[in-house]
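Next come two complexes built around chain A: one with chain B, the other with chain C.
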Partner chain A sequence: MKLKKLYTFINSELDLIEKALKEAMQADNPVLKEASMHLLQAGGKRIRPVFVLLSAKFGNYNIDEIKDVAVALELIHTASLVHDDVIDNAELRRGAPTIKSKWDNRIAMYTGDYIFARAVELMTNINKIEAHQVLSKTMVDLCIGEIEQIKDKFNWNQNLRTYLRRIKRKTAILIAVSCQLGAIVSEAPQVVQRQLYRFGYYVGMAFQITDDILDFTGTEKELGKPAGSDLLQGNITLPVLYALRNERLRKEIIDSFDIKNNKENMQHIITLVRQSGGIEYSKRISDRYLQKAFNILKELPNCQEKTALLNIAKYIGKRKF
Partner chain B sequence: MNDIYEEIEHIKRDIEVRVKHPYLMEFIDVPIIDEQKLFLLYSILKETELPAEKIKSIMVATMLVQIALDTHELVGLRRIDDHHPFMKKRQLTVLAGDYYSGLYYYLLSQVEDLQMIRVLSTAIKEINEHKISIYQNDLNDLDDFIDRVAMVDSLLIQKIATYFGNIDLKNLAKEYLLANRLNNEKINFSVSGLSVVIDKIRLLQEKNERLYAGVDRNQALALIEKQMMKSVHYLETFLKHHKRTYCFLSEKIRDFINRLDLVIEKAVKEG
Partner chain C sequence: MKLKKLYTFINSELDLIEKALKEAMQADNPVLKEASMHLLQAGGKRIRPVFVLLSAKFGNYNIDEIKDVAVALELIHTASLVHDDVIDNAELRRGAPTIKSKWDNRIAMYTGDYIFARAVELMTNINKIEAHQVLSKTMVDLCIGEIEQIKDKFNWNQNLRTYLRRIKRKTAILIAVSCQLGAIVSEAPQVVQRQLYRFGYYVGMAFQITDDILDFTGTEKELGKPAGSDLLQGNITLPVLYALRNERLRKEIIDSFDIKNNKENMQHIITLVRQSGGIEYSKRISDRYLQKAFNILKELPNCQEKTALLNIAKYIGKRKF
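For the complex of A and B:
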């Protein structure tokens, strides 16, 4: 089943978000406009706006207000991808050339900065300072997560805790905050705000672990980038961490990596990681996070939004790309 | 007057502490804090009824934005592979800019200054529009180019001055920072033969030959000096009209004018 089928009852609101996203990117400069729209038009799951909208339904839902939060979060995610592609030296994103590849690093930097600013500017329509305190802290944490990722690159001795802390900052927090902000802005009860944050956090952790698994199990066509890209960048993800526990595999992976990072070598490392049981182990960890997310949902009032959140969480656990 | 310097020095130290992320500092340079912008901001905010803490938070936040924008200017353009020794520095330069930008938003949200978040985010958005127009040579003529250069350097401060209704200092900030920028370009050119602005003027010539036919690098330099004279004239007029106000800022501007080496102006005076 397609992800979008899980929440058809908010389709009209999502159309509004899509329209608002396009409006938000209407820069005066034609290149800036084209670059801003470039990634937006390449698609994306819009999972953060979906979480904002669904969570807002647990309070006093006002689409005119909540729309700005949903758009701002998608813009922050988009801007971070634009800058990430400079960091990762990436040529492809969602199967299309990256902004830094289609233009250059300078255009990517300006475009990312423009989109970040546009997101914050839109957020200022929200007159609830708590929402800004939560979001601004998240933006700082996102950067710290990415800085830590660079610090931990090729660190073959990092442990599980380091990995989990990193993916929390890198991915899970923004999803958690998408849920939390939906609840804050719609003035849902505080206990619900906290529950939705926890739900988003657990789903976000599962989402990133699944992403890290797919880097070893997906095809280039499915992923929109070559398999093993994370490891090639030096990012030690959960499947690799597990494989490294085995002394023989550890030596072989590190040695293979040292020799040459060509395609055949990478394929060999992917095979080693697959054979190690790292994929299955990572799936178990991801499932544990998902189970925690399901448990949180049990505490929330029954409604179609809750069912949608449940189904999205299940989908994330099973997704293939 | 000494108190003012102490206050500004105190704010500068606060900014330095905030931007010094230990891991970033291992790989990237310590950001430069533009003192002229600090002086301008201080002068604008001292004219308001705002409490000292509020003035400080606006100054720190604005300078964090400036540092973030300046940091991203340092991201290299050259295509290098993933294992190139400069790659890590490049990656951390991208993240440092984002980090500093996040810090301004965080600081202003902590002091609950939603209006200033709006002022600064709008300014960042517009600055990037101007930057990309300059970078892509999407420029009508020399005046358009010079105006955009001025906007990139001063829009943050102009927006704050506008927000507090101080149009005098808004216009002053634009001319003062433009004169300063052009002077720096001139110095760079005379020292190293390199100047982004001079190169852009020559590119404009290529784009629209009818307008700037025959402009070589020296003539481009003369155009810069002509623009500088316009800005300096504006500054001098400002000083004449504000003999009893903005004393501290006026002193700074007078110093700046005195230090300028306006070759053409001298030549004109000498006949």
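For the complex of A and C:
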């Protein structure tokens, strides 16, 4: 089952958004244009635009208006990936070389800045100050999340709470806000705006936990980057946190990191984490968030958009990449 | 004569802005807070807030409203300096260590992102979509300017037009927009909005050319960073462009750059540029922009704010740091 099959009824709108994304990345400067388009062309699930559109259907849906919101959210996500890759010194993203590996870190930083600015610019087509307030607050949170992630790198003593707060800022809020802004801009009832925000938040948490699981269970081909990349960068995710609870595994994992060539040890560490029960534990936590998302949907009026949201949430719980 | 003496009648408002700048930089994360405050505390002329306030006096001046605009513009300027320092690998800014030298480039990048986001967030207190449109467009231009600057580094074949377009995007537009937004938000007449924009643009061009001159005529103490820093980074500014027109100097300057230890040659190159007449030439170009700024002021109604704008423009033509 492919994700896209779950919302074929917005296919033509998604095509419009794909076109608008390309338009937003146009620039006279050839490097800027190529660098911006580069990541866009490598694909991505466009899950944020999908959530914007589906949520907007709970109000007065106007594609001309909502399109800009959907594009802006995908751009903000893209910009944060570009800056992420600078930080992680990553070579691959979505199976393609990162901007920093194809050009350099300076180009990557300003390309990210440029994409952020274009997102803000696009949003100014929306004459609803509340939408701008919600989005700018989200951008602030995203930055705080990134700084927290740097701070927490290789910190073997962090706990579940630190992890959850970090993925909330890093991922869940932007997905929650995608749903919320769809509802705000289409002037859906306030109670629906809040419900959709919470739905997005829970789905976003499950989405990131699943991502963190896949880093240990996926293949390089499925992930578009080597398995174990997160841990190699020092990002201690939920499966690892669980494994660290076991004193023997804790010692073995941390000791492995003290050896210089981490890449060679990564397969060994991946095996340790898998054997620890950390994958199953993380799946249980992810499922708990998904259950909360399902519960919220029950409060929303029945429609094909609600069914699509339900199926996307279910898909996230099962996805392989 | 000190710059601040030219507009003592807005002293109390500037104090408010200084306070608001500090408030905007508050963050729970200690690194983020310290890194953000760091550059702010190192000072700066706050010329953009001054232009916002003075321009707003040509309309219905409301300090509670205009304050956020003034703070947002200073924050955007600050954020761009933070990202600038990442690119330039600079060690000193305003006489203090840069964020990247005190922490690292990753922290500097996200601190810049955070300050940008805070600026956008603060602007959402202003319920005038036109103001958001102008500002977001400016942020896009700023990024393009930065990328152009990277592209033009060590490009000995660039011309006057390339240089002027670059400093327009890098500096002049943000100063022009400071004046324009002061006028827009205070609802000054549209003709005044346009005049103030143009005034700011011309002053901004003169300001950056003067900055580029000072890099060759100032002392390390006056500049807060070593003289010749721009050229050392590969930024070819107006005095150098002029010197490069002379075939002998051109050869000597470019040859000096081919030798590994640039710092030792810098004093020699500074001397060459000074002897070329490039300083005087740049002053003439700067004065031409200032004259255009003066001419626009003649069209504006007489008031103490106009006198202050005139004196600031005069000051910029003479400033030593």
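Annotations for the structure displayed:
Here is the rule we use: the second predicted complex is superposed on the first by the 319 of 321 C-alpha atoms of A that agree within 3 Å, B and C clash if a C-alpha of one lies under 4 Å from a C-alpha of the other, contacts with A are read in each partner's own complex, and residues count from 1 in each chain.
To be clear about the criterion, a residue touches a chain if its C-beta (ideal position, glycine included) is under 8 Å from a C-beta of that chain, and two chains touch if they have at least 3 such contacts.
Just so it is clear, the model here is predicted, and its values are computed rather than measured.
With the two structures aligned on chain A, chain B clashes with chain C.
In the superposition on chain A, A:E146 contacts both chain B and chain C.
By the document's definition of touching, neither partner reaches A:Y242: not chain B, not chain C. Contacts of A:F58 after superposition: neither chain B nor chain C is touched.
In the superposition on chain A, A:F216 makes contact with neither chain B nor chain C. In the superposition on chain A, A:Q233 contacts chain B only, with no contact to chain C. Taken together, the two complexes place residues 27-29, 31-32, 83, 86-87, 105-107, 109-114, 116-118, 120-121, 123-124, 127, 129, 132-133, 136-137, 139-140, 142-144, 146-147, 150-151 of chain A in contact with chain B and also with chain C.
For chain B in complex with chain A, the touching residues are 21, 23-24, 68-69, 72, 75-77, 80-83, 87-88, 90-92, 94-95, 97-99, 101-103, 105-106, 108-110, 112, 114, 117-118, 121-122, 124-125, 128-129, 131-133, 135-136, 138. Across the interface of their complex, chain B is touched by residues 27-32, 80, 83, 86-87, 89, 104-107, 109-114, 116-118, 120-121, 123-124, 127, 129, 132-133, 135-137, 139-140, 142-144, 146-147, 150-151, 232-233, 261 of chain A. Those residues of chain C that touch chain A in the complex are listed here as 27-29, 31-32, 83, 86-87, 105-107, 109-114, 116-118, 120-121, 123-124, 127, 129, 132-133, 136-137, 139-140, 142-144, 146-148, 150-151.
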